[in-house]
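This structure is in structure tokens; I'll ask about it shortly.
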Amino acid sequence: MTHAAPPPVVPSSRADASLDDDHFHDECGVFGVYNHPNAAALTALGLHALQHRGQEAAGIVSYDETHFHSHRALGVVGDNFNSEDVINQLPGTLAVGHVRYSTSGGTLLRNVQPLFADLVFGGFAIAHNGNLTNAHTCRHELVENGCIFQSTSDTETFLHLIATSHYRKVLDRLTDALNRVQGAYSLVALTRRKLIGVRDPLGVRPLVLGRVGDAWVMASETCALDIIGADYVRDVEPGEIVVISEDGLKSIKPFPPQKSRFCIFEHIYFARPDSVMDGRSVYGVRKEIGAELARESHVEADMVVPVPDSGVPAAIGYARQSGIPFELGIIRNHYVGRTFIQPGDHIRHLGVKLKHNANTAHVKGKRVVLVDDSIVRGTTSVKIVEMMRAAGAKEIHMRISSPPTTHPCYYGIDTPDQDQLMAHKYSIAQMAAHIGVDTLAFISHDGLYRALGEEKRDADCPQYCDACFTGDYAIPLVDHNNLTEPQQLSLLAEKV
Amino acid sequence: MTHAAPPPVVPSSRADASLDDDHFHDECGVFGVYNHPNAAALTALGLHALQHRGQEAAGIVSYDETHFHSHRALGVVGDNFNSEDVINQLPGTLAVGHVRYSTSGGTLLRNVQPLFADLVFGGFAIAHNGNLTNAHTCRHELVENGCIFQSTSDTETFLHLIATSHYRKVLDRLTDALNRVQGAYSLVALTRRKLIGVRDPLGVRPLVLGRVGDAWVMASETCALDIIGADYVRDVEPGEIVVISEDGLKSIKPFPPQKSRFCIFEHIYFARPDSVMDGRSVYGVRKEIGAELARESHVEADMVVPVPDSGVPAAIGYARQSGIPFELGIIRNHYVGRTFIQPGDHIRHLGVKLKHNANTAHVKGKRVVLVDDSIVRGTTSVKIVEMMRAAGAKEIHMRISSPPTTHPCYYGIDTPDQDQLMAHKYSIAQMAAHIGVDTLAFISHDGLYRALGEEKRDADCPQYCDACFTGDYAIPLVDHNNLTEPQQLSLLAEKV
Amino acid sequence: MTHAAPPPVVPSSRADASLDDDHFHDECGVFGVYNHPNAAALTALGLHALQHRGQEAAGIVSYDETHFHSHRALGVVGDNFNSEDVINQLPGTLAVGHVRYSTSGGTLLRNVQPLFADLVFGGFAIAHNGNLTNAHTCRHELVENGCIFQSTSDTETFLHLIATSHYRKVLDRLTDALNRVQGAYSLVALTRRKLIGVRDPLGVRPLVLGRVGDAWVMASETCALDIIGADYVRDVEPGEIVVISEDGLKSIKPFPPQKSRFCIFEHIYFARPDSVMDGRSVYGVRKEIGAELARESHVEADMVVPVPDSGVPAAIGYARQSGIPFELGIIRNHYVGRTFIQPGDHIRHLGVKLKHNANTAHVKGKRVVLVDDSIVRGTTSVKIVEMMRAAGAKEIHMRISSPPTTHPCYYGIDTPDQDQLMAHKYSIAQMAAHIGVDTLAFISHDGLYRALGEEKRDADCPQYCDACFTGDYAIPLVDHNNLTEPQQLSLLAEKV
Amino acid sequence: MTHAAPPPVVPSSRADASLDDDHFHDECGVFGVYNHPNAAALTALGLHALQHRGQEAAGIVSYDETHFHSHRALGVVGDNFNSEDVINQLPGTLAVGHVRYSTSGGTLLRNVQPLFADLVFGGFAIAHNGNLTNAHTCRHELVENGCIFQSTSDTETFLHLIATSHYRKVLDRLTDALNRVQGAYSLVALTRRKLIGVRDPLGVRPLVLGRVGDAWVMASETCALDIIGADYVRDVEPGEIVVISEDGLKSIKPFPPQKSRFCIFEHIYFARPDSVMDGRSVYGVRKEIGAELARESHVEADMVVPVPDSGVPAAIGYARQSGIPFELGIIRNHYVGRTFIQPGDHIRHLGVKLKHNANTAHVKGKRVVLVDDSIVRGTTSVKIVEMMRAAGAKEIHMRISSPPTTHPCYYGIDTPDQDQLMAHKYSIAQMAAHIGVDTLAFISHDGLYRALGEEKRDADCPQYCDACFTGDYAIPLVDHNNLTEPQQLSLLAEKV
């Protein structure tokens, strides 16, 4: 890690679009239903509850004893799957669904999941949250053998591995395929008779199991069970294949047992606060991180102000621990408006203002503890701080409820290249200077683990995947290490 | 307040649509710019900041020294006025804009403002927040004299009164027209040389004046000045006509002076918390109402939970005053989703769950003070309380930061008919029983006025318009009192 | 008329769009139904049959004893009025409809007819084929008196004249209005109890009356009666107001009697060949014109080739009279394709080729008589001739079934400015040279009248309106003569 | 020909849609360009000229030295490929395109061609006119081996055969694939360096070769060369692979030589009259068929009337041979309008009237020879004849420029099932009675061959594929004969 002099932040291809939403982004949410007369409607609702995991596209595949039915669309679930017409086109008692946050420049319909294929044993639909670290390598072999890929998503790799497996039965083919891939994956899949859920051996990405009446449900988070009134049964375990069929639930564990490494960032930012992950309330963890932050880096101030909305739980925890009043010092405009014409030089930081406004009457002349969940490129932080200064804040003490994010994620999270990560390039003091705050503090690694109920981070065998803070990558980065430059997956140009 | 059997008045066509958004609704926001090279772009941004005042339609009219340019569209500003193409179709240094929340069953494009007309003295564009109480009566006379109305909005009445006035000059015609109407109105209007702002004699609806560089700005709220970096100058005064032209600002007061009656509900719910209205921070007022509520109706409890997002400031005030911890006991899904297929009987209260989910892990077994801003029909309250009960809340004490809403508004706010107002039909004890809470309390009339810095409500001459709580209608309800049944404005059927 | 040296043809604002459709354009077709349970469906069909009279917009207003219902749309009838949904939104037993060919650069929805207004006596809908020659003058007076125009179409003038008439009854108001306008107009109008049809005193534009079962029908042409199986009753007479009500048909003749002057170009080009106009088969007239042409300007040749499709009947007549074989020497591509990217210099005359292709195998080495209906700017003729030359035609003798079009039309036909009319600028010899034909001949004035059954043109009092060939304008050009430059009707910019 | 009771085969889902367009339908047109800077624009124009071969979808794939670019859309070329935006998204000097007439109930985007795949040797795009008769059989084997099909079009079979071929070079793989399929196919394909054209061994479907400047062009018909100003070079020969690369044109003939069997129906109906097929002018052939018809089945009459537009050339030939005048007795409305609400019982045969109207004034009391190109189900003929009777035709003598169509086509033409073919079910006398004509005659088999310049049909080895008239299927119907019921290609339901 170099701490060279801080020149202007390097612009990235996504910089403009995400200028005002400077976060890591979860790439996907998955959902599946077995044995419910309104399987597609339940799936649409579940995906709506998982919408924060991906807003760029959504899809549902259902099966009605005769045909599979597929509807996939760019945009949010509420715009595409809320009409009776659409749901009626997805009949049947089995369904799987997917919400997607695209990592490539343009989201292509051909990449929208669930993917479906007519395989020799019948139809097969699959939806995937995560990322394969040897997808390119697998794909290359498959194409050599005559496989034709229709998408550039690594999910299709599963399809071809299953299609070309020399085993006969679906589950044997699936196991065969899983043994050939590496990566983080929570899968839900549908055959004509089974709903299948899989988590990778380390359980990096979440997947839970629920029941509503006689139906089984799988979802990325418990909030998707809540919306349909389903009861939480248990998490699908790391390395487990759960098969739901007319024979009930069957659990297969095809991998050697390993200690799990659940993604710690789900607790910090990705998951919805009302979800329970790995047995812990996400909201509770976030408040506790805030409290830890207050203990670790207390400061005299007049108010604790969250950057809405993701900073709110930690700010509540910080305020309560510190005794400093919690105030809405920044007001969020909930109406969509990411692009507007910039009307000349009069307006500074228009982007951030489309969503946020300083509560000037209350901030003016005050010492503010500003609580946010993370700093990625730092672009938004710079603007928010400047907005708070313009509103008259006397002191600004920024407190971040994650450790510095110094490394990219290869396990299904959209992160900038490492050289765009502010914490990779600069020391904390440099960051504070660049952002323009009086003080800046991050939660410590151990403080974060304490908030999760651990005594401290187990450096030999960390309890969570925290590679983005530590560079400790638990799953081999096969493609990444093999390649000097990114491999082109398709000669077909992507349309924006 | 009568609790007799409710006689059917007129059925509201909006009941179903707003089932899960049980609020009074502001009908409009207005914005105007004089002398800025990017007048339309500024207006689009201002309207985006005013989006909470009306989401069903938006429009902008600009003037470029040669032509007026108009673009009006159904939907939110961010979907219709954020592209360079659209803004380039609105050239010029003068512009007025409008966001609209429709009161009629269907929002018609012909009713979307600003309205424009070619009058004998040149073009005239007008945008209006409020409601005329003698619009029907005026319209009837105008049609008798050969006027052809194109819309059913009462804003068009202004146009025809100005067009048919026997005065010659625009301002004389405008004054003539204002003298013939009754009601609540904040207007912005555009001629080829002037930007005009008007507030009705009682100043029921807001209108503020700002400057950015050499340009003048008018807006319904100060948050619309903030987004474009404009400085707040002053409120347009009740009964004042403000004319901006190349001669600078000119103030005309055509009405006899009266004590103002600003809408008290702007402070309770309509305005954005970061706006300053009538010299007071809206966020501060709401926190203070919460504190008053805590003083007036304290209860032992484990947590104060706001109904997001409108209940948050009062809940913060209540929590701080009472010392009971503030907690996010209800999590809001910010993605749009008002309609989804209801998948059978398994799911209770799906509607409310599309937007809200109980934070079960924290609510279970707890005594909850639930803070909301108002109860209108009570439909949403019933569902939210049931959701909280299902999540295991042991006690629920509901605290409302407005007095009981017993009367409809005729001054530009969309309210249900009186017989649908829960507080009109039931006593507070009955309401508590119906909603299913352990206790229910509303802020008192005097408590509300105290939160606004008054000693108490002046019963003889109230400091605010609070007709929705008291039935004390300061502006005569001309049309309402003249009519036994609703007058049909047009023989042309409205398309949904 | 000057015959100066032929420089490059002056480009016009519509030149590009109409480059390959170099015709005069009828501006409108009208249709009305009284007393049919499917009035709107019949109207949609009638308008479809009249589609050749206007393709840019269409509209229908119906009345169902309670409300008027209106649907107007840009585009052709078959795209906008063919669905059950749309027709069901137009209930009632009375309906009027309109198809429109816009003369202004952009077709605006606000100009699409029928226009509707709520007048003091009830609703009133009106559709108009033609043009008022004193519309600007009337409009100016009306605006002075406080009328607000919503469109720039002169049809709205009728509405305001009726609205502000001092008479009480509708028919008196209508007669009052008609006495104040000058121009060519065939109107159909709807009140709550009446279907009204009007033709101007000279009967320039067509309007026929039919019956289907118990219903009455009015239409611009008989082909619109045919499509719904209605029987032709008679033409509405020049200067006649026909009123259909529950009292049956009533005829009013409010004007002093005059000799009629029906538009001769309806016979030449505008009307559909299967229509009967003024008692004459349009197809028959066109064949007869072709025969007259053959008599007047015979030439030795191998084949008679029509420019499809409008030149076909005259070509058949020419071929039969001359004994020269009729051949499809030009093949038309019926699929829409007015704009395509021009891929470099390799392609000459792409525009014309999108619709036409020479039948090279048959044209090569042949002497061709090329029959077309008119030459307006000459742009298309140049290209078609060049295409035929490229295909190897040895000689090209162009024969035109109208006299030279030397004057613009002010009576409801879209014509270029006079200085763009090829026949205004050049002699026939110059035109032949410019177009590149071996010989060029137009039908003579008398020949044209002979084809219509007259002995010859009555120069003192012509039997038809033929101003576009002669400059003999029968209706005073009030606006045109009053103005030195075109008057701006509205300060509102038209959106393209 | 059997006239026994028709056993139910498989109901056609297209019966209703095509009720008023009772023709066989060509399924596709193809186009390709090599070495032109505006390859995609040329392709769009070529496809526009081939639009009559398929109106339901169109697609273009281009290659720009780096990427392949694909745009495919439902609808006609002029609506989807005429904008600069779209063409600019298809850069490069190589392109192939396709227009499609779908045979399945709904046209799916996934079936729209050209298909593209990333194969191990690079990208490969393919467009296909025709039909494989062993597609199901091939597909079954490929799926068994792990191939995943994305479409239900048999064109994808080529892709997988090429992808899984054990040869290394593209042309060897292609030849390998061609040796495994049976059927009628004219292909154009694109690799990164080659434009490839192929015709099946019998040359059933057309494919021509042209040049424009330095570029090579391939197209289904010569009219697509004309529109871009390309010169016709020669037909691709039956069984020939033509490869265009930087080495120029290379011809490969991988099949044993056979006598060709070009589709005779291209001459009768499919091809555009201005195309030259197999060295013969289509227009000339059609006129000659009309003349043969006049010789074979002369009748005394007053006029020869074509059913527009396809009957026109034969009617011209018939009229000239018989000396009976050619008249437009039926007028076609060229505006689109296939569906309209049927307004009650008053209107008979609305469907046919949306497109056609009898020219009553000329038909009344006349003896009419009605010339059409074919009778498929007979539904339209019944209606047209009834319309002509209603218009007063005294006698109707129907003359058909094809022999009776008694058999379905399996070679790329959309035909109804055999039991829906009127000529399969009935004798000519029965047909005449059913249609309601005074006499009915078809061209004889030998007459048809004479019109094509042959002495007569060679029964042992017919010069053309005429299976639809004779049942003489030259290419084995592998799938058809193997199957007792239609094979389901995909478990994925097709969306309408």
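Each chain carries a letter (A, B, C and D) given by its place in the written order, and its residues are counted from 1.
The rule is short, and it goes like this: contacts are C-beta pairs under 8 Å (C-beta built on N, C-alpha and C of every residue); 3 or more make two chains touch, one makes a residue touch a chain.
By chain, UniProt protein names: A, B, C, D = Amidophosphoribosyltransferase.
Since this is a predicted model, take the numbers as computed values, not measurements.
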item	value
Chains touching both subunit B and subunit C	none
Smallest count of steps, each to a touching chain, taking subunit B to subunit D	2
Separation of subunit C from subunit D, taking each centre as the mean of its C-alpha atoms, in whole Å	37
Geometric centre distance via CA averages, subunit D-subunit A, whole Å	51
Length of the line joining the C-alpha centres of subunit A and subunit C, rounded to whole Å	62
Residues within subunit C bordering two or more other chains	none
For the subunit A and subunit D complex, residues of the former touching the latter	67-71, 89, 116-120, 122-123, 143-150, 159-160, 163-165, 192, 489-493, 495
Residue numbers on subunit C that touch subunit D, as the complex places them	36-38, 41-42, 44-45, 48-49, 51-52, 55, 76-79, 81-84, 87, 212-213, 223, 226-229, 272-274, 276, 281, 283-284, 309, 312-313, 316, 320, 325-328, 331, 333-344, 346-348, 350, 353-354, 357-362
